[in-house]
Every structure is written in C-alpha cells, then in structure tokens.
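Notes to accompany the following structure.
So that you can tell them apart, the chains are marked A, B, C and D in the order they are listed, and the count of residues begins at 1 in each.
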C-alpha cells in the first residue's frame, strides 16, 4: 500500500472508533509503522489537579501504538499489552502521541510511543513514554 | 483512618475527577490498599468493533491502581507507571476494575488490578490485568 | 497430560537449560499453569551491595513465567514480554519464584509471578512481582 | 562530574558486582544518562534451544538501565521496575545492551534500552527492548 492509502485506511478505522470521537482526538499522520494522534485538552479530560487524566494519556498511547503497529502489519490490529511511564503532568493546549514500530514480524509488532503536551505557543514537553505489543487481528 | 473515612476521602477525590464523571465511572468500594471502580458501557466508549476501547480499560486500570495505592499510602497519590495485558474483548453491561496493593513502602506502593466485564445477568469475565507503581504526592 | 507427566516434561526442559544449571536453580514444582523455581543464593549471584543482582531476580521471574505459561499451553514455550517490579532487596538463603497462568488462550498465556526471599529459618519475604506473556513455540 | 569521572565511577560500581563478573560482562561505555554493556556468549548462558537465556538478556537490560539512570542521577542507583519485550532469539558472538535516560528528575530517571546480538563479523541484530525506572539510592 502507498503511504496515502495507509493514511486513508487508518483514518477510516480511526473514524469508526466512537471513543476517539467522544474524546475529540484526531489522527494527524500515519505511515507504515508510525502514527501520530492529537487531542485538544478541555476540562472534561482532567483529573483532580487540573492535569489531563492518566486515562486520557493512556488512551493516546494505547491508540497510537495500535495504529503504528497495525500499519506496520498491514491491517486491522489491536494492542495486546503495553507499559506506560508517566514523566510529567500532562497540561497545555493539546496532547500529542507519536508511536513507531521497533520490530515487525508476521503477526505482531513491538512499538514505542511518546506522549507530548503542547502549549499555546507550540512548545512541546515530554509527558509519557510507552512500549507495547500489537497483534494483527484479521488474516 | 477508619475504612469509612478512607472511603469518604476516596469518594471526594473521585468526585473531583472530571474525566471520571465524563466517562460515567463510579467508585464502588475502597479500603486501605484496595479500590473498585465500575463503568456502565455505552456506545461512546467503544472502538471500531463495538468492544470497550482499550483507552477505557486503561482508564479503569490506571485509576483503580491509583486509588488502591493512594489509600494504602494514606493520601493523594498518582500512578507513576503501569503495565497492562488485554486478555479478552471488553463487552457487556459494565466494566469493573479491582485493584489492591501488593507491597507498600513510605512513598510508593506496587499494586495489581484486574478488569472484568459484567453482563446483564451479572456474569463476570476477566478482560485485563495490570501491575503498576503508585507514588504519594502530598507530604 | 497428568500432573506427573507435566512435571516430568518441565524437568526435562529445565535440565536442558545450561543457564539454569550455571546459576544452580532447581524446578521445585510444576502443574498445568503453575511453576515454582528455587535458587540458593551465593556470592557470585550478588550486586555491589551484597543483595541478589536484579538480573538474578529477573532470571527467576522470566523462567517461572515461561514454565507456568508453557505448561498451561501444553508444550515448549517462551516468554515474549514481561514487566517486573522490585519490591525489596533480595537476600537470604535462597530465592523462590512462583508463577501461575492468569489467562490461557490457544497460542498465548498471560501469567503472574512473585519472587520471594527465604531466610535460614524458612521465613519468606516478597521481593519482586512480575506479569508477562508466554507464547507457545511448537505447533 | 566529567564524562571521564562518570565512566570511572561506573566502572568501579560495575567491578563491584560479582554477578556481572560471573557472567563475564563488561561495561563498554558510560556517560551522563547512557551506558553500554557487552557480554560474550558461551554455552553456560544459553537455554534449551541454544539461544542466550531470557535471564541473560534481562540481566543486560536491567543493568544497562541501572547504569544509564544512575549516571543521569549522579550516583549509586537501582532499577525499581522495568518492562522487556523479546524481539528475536539472542545468538551470536556477543550481546550488547545500550541504555539511555529519557527523562531525569531529582530522584528518578526513566530509561530505555535495546539489546543487540553481534555476530562474528560485527553485524548487529536487535533482540530486545526495555523501558524502566531507576531510583537514586544514596542521598
């Protein structure tokens, strides 16, 4: 598949995720083994201290891993497991998750992801780092 | 603190999490080193195949770990890292996360969590398992 | 397979691991989805503070996970990923890893493990906790 | 500390690890937030299929993470938790672990590591990837 086709495929799958729409996330970019998802922050997405909730950061990491791995594997996929380290409070105008495949086999890909916070001026701060396994679902 | 006071404290913190309210989650139980969170499933919380999105399962695991660890440590806390294995598609009437502290120090607690799906008849199925570190935030 | 056959199979595989012999580890018990490995401590296995090296604790967790998962899956297997939290310094007469399968599918099992230190009087202290995925290797 | 002093400090600590000596590992390089450890392979370090045992790969990842994080934090440190994905069978003339700090705070550093296998001609193959937390031990 061309990179354009991969992005179109990824966008179709992303648009079919009601939870991504509910949060207001957007698939910014996708290639063969990479994906970037953005999420504008708003009060509904925060925890008790006003930062983005860990579940929001986790959603971004999990989903970016899935797309990076699925695109590396060439089709629909799911994250079978991952690990995430929170590095700094996630706050600002938006969050950005960037994932890429580190190793790709026939049925699974191991991927890494960083989650960054972007403020009003476009300055990015590293907030979280994840690593996980993505498995192809379709034959 | 008595178990009643712990539950009241946990409920105050939980109610102060806009994201938990946005998802519709409920803190069912809490003790010194344990927490149980429920989340009725609805279409907004799903992914492209109709199952609960991995980000929803992750939210539950992350938050249940935080509360179990925070209550073990005796105050406000945050999850500093965790790892999650998805075991089965998360579907049914609601999801349930049960976490408990495995080891508690002065500043951090290591906790484990399972996420279960409950169907209309109350039958529970194991969907995910997590393990992570919770750190006390306040002195 | 009967539990006796499983233990015999596990013992054959364990005895075929030169690294387990080199460290002096022993497979104490094994069942369908469980395994217990012991390792007497000696100076060669320590780090700079006299505790068992993290690599020794990791070996025990990794190997106990593999055996628990492999026996649950019914044959030769390997750990594809795991996560480990160190909980307390590992010291004493010996270390003991106990693993069990939490969820078993056709091709993979998710397992958990604890590593305990046992002193001269037989008192056990929890030193580490792990969770990981085991994959069947043979058809 | 100068990079030379950091390497000297790291070498002193490494030389004080009996387990590293027992395995035959060597600290190749170290800087402020980075470390590289090599381990020549030999039959004693293998599992039942002739590859390096997962415990050997884990030792390398754990120890490289500890040194990278400790040097980032400026002193003696320990890995408090990590996660490792095995990517390919570890075989060849030697294994090589390269770790670096991703995020450094006052008390802890989050680090990443890759483990590579090197064959007789110097060709390197990625075998494992790890991510973990290193905590400063001394005040």
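The rule we apply is simple: a contact is a pair of C-beta atoms (placed from the backbone, for glycine too) under 8 Å apart; a residue touches a chain by one contact, two chains touch by 3 or more.
Values in this document were obtained by computation on a predicted structure and should not be read as measured data.
S.K.: Have a look at where chain A meets chain D and say same if over half of the interface residue numbers show up on both copies, different if under half do.
M.R.: Since more than half of the residue numbers are used by both chains, the interface counts as same.
S.K.: Does C-D or A-C have more contacting C-beta pairs?
M.R.: C-D is joined by more C-beta pairs in contact.
S.K.: Suppose each chain is reduced to the average of its Cα coordinates; what separation in Å results between chain A and chain D?
M.R.: Chain A and chain D have C-alpha centres separated by 28 Å.
S.K.: If you average the CA atoms of chain C and of chain D, how many Å lie between those two points?
M.R.: 21
S.K.: Taking the mean of the CA coordinates per chain, how far is chain A from chain C in Å?
M.R.: 33
S.K.: Considering chain D alone, which of its residues make contact with at least two other chains?
M.R.: Within chain D, residues 80-81, 83, 85, 110, 133 contact more than one other chain.
S.K.: Given the complex with chain D, which residues does chain B contribute to the contact?
M.R.: On the chain B side, the touching residues are 80-81, 83, 110, 133.
S.K.: Quick check on the complex: what are the chain C residues that touch chain D?
M.R.: So the residues of chain C in touch with chain D come to 13, 16-23, 43-48, 53-56, 58-60, 62-63, 66, 76, 78-86.
S.K.: Which stretch or stretches of chain D touch chain A in the complex?
M.R.: 83, 85, 87-88, 102-103, 110, 112, 126, 129-131, 133
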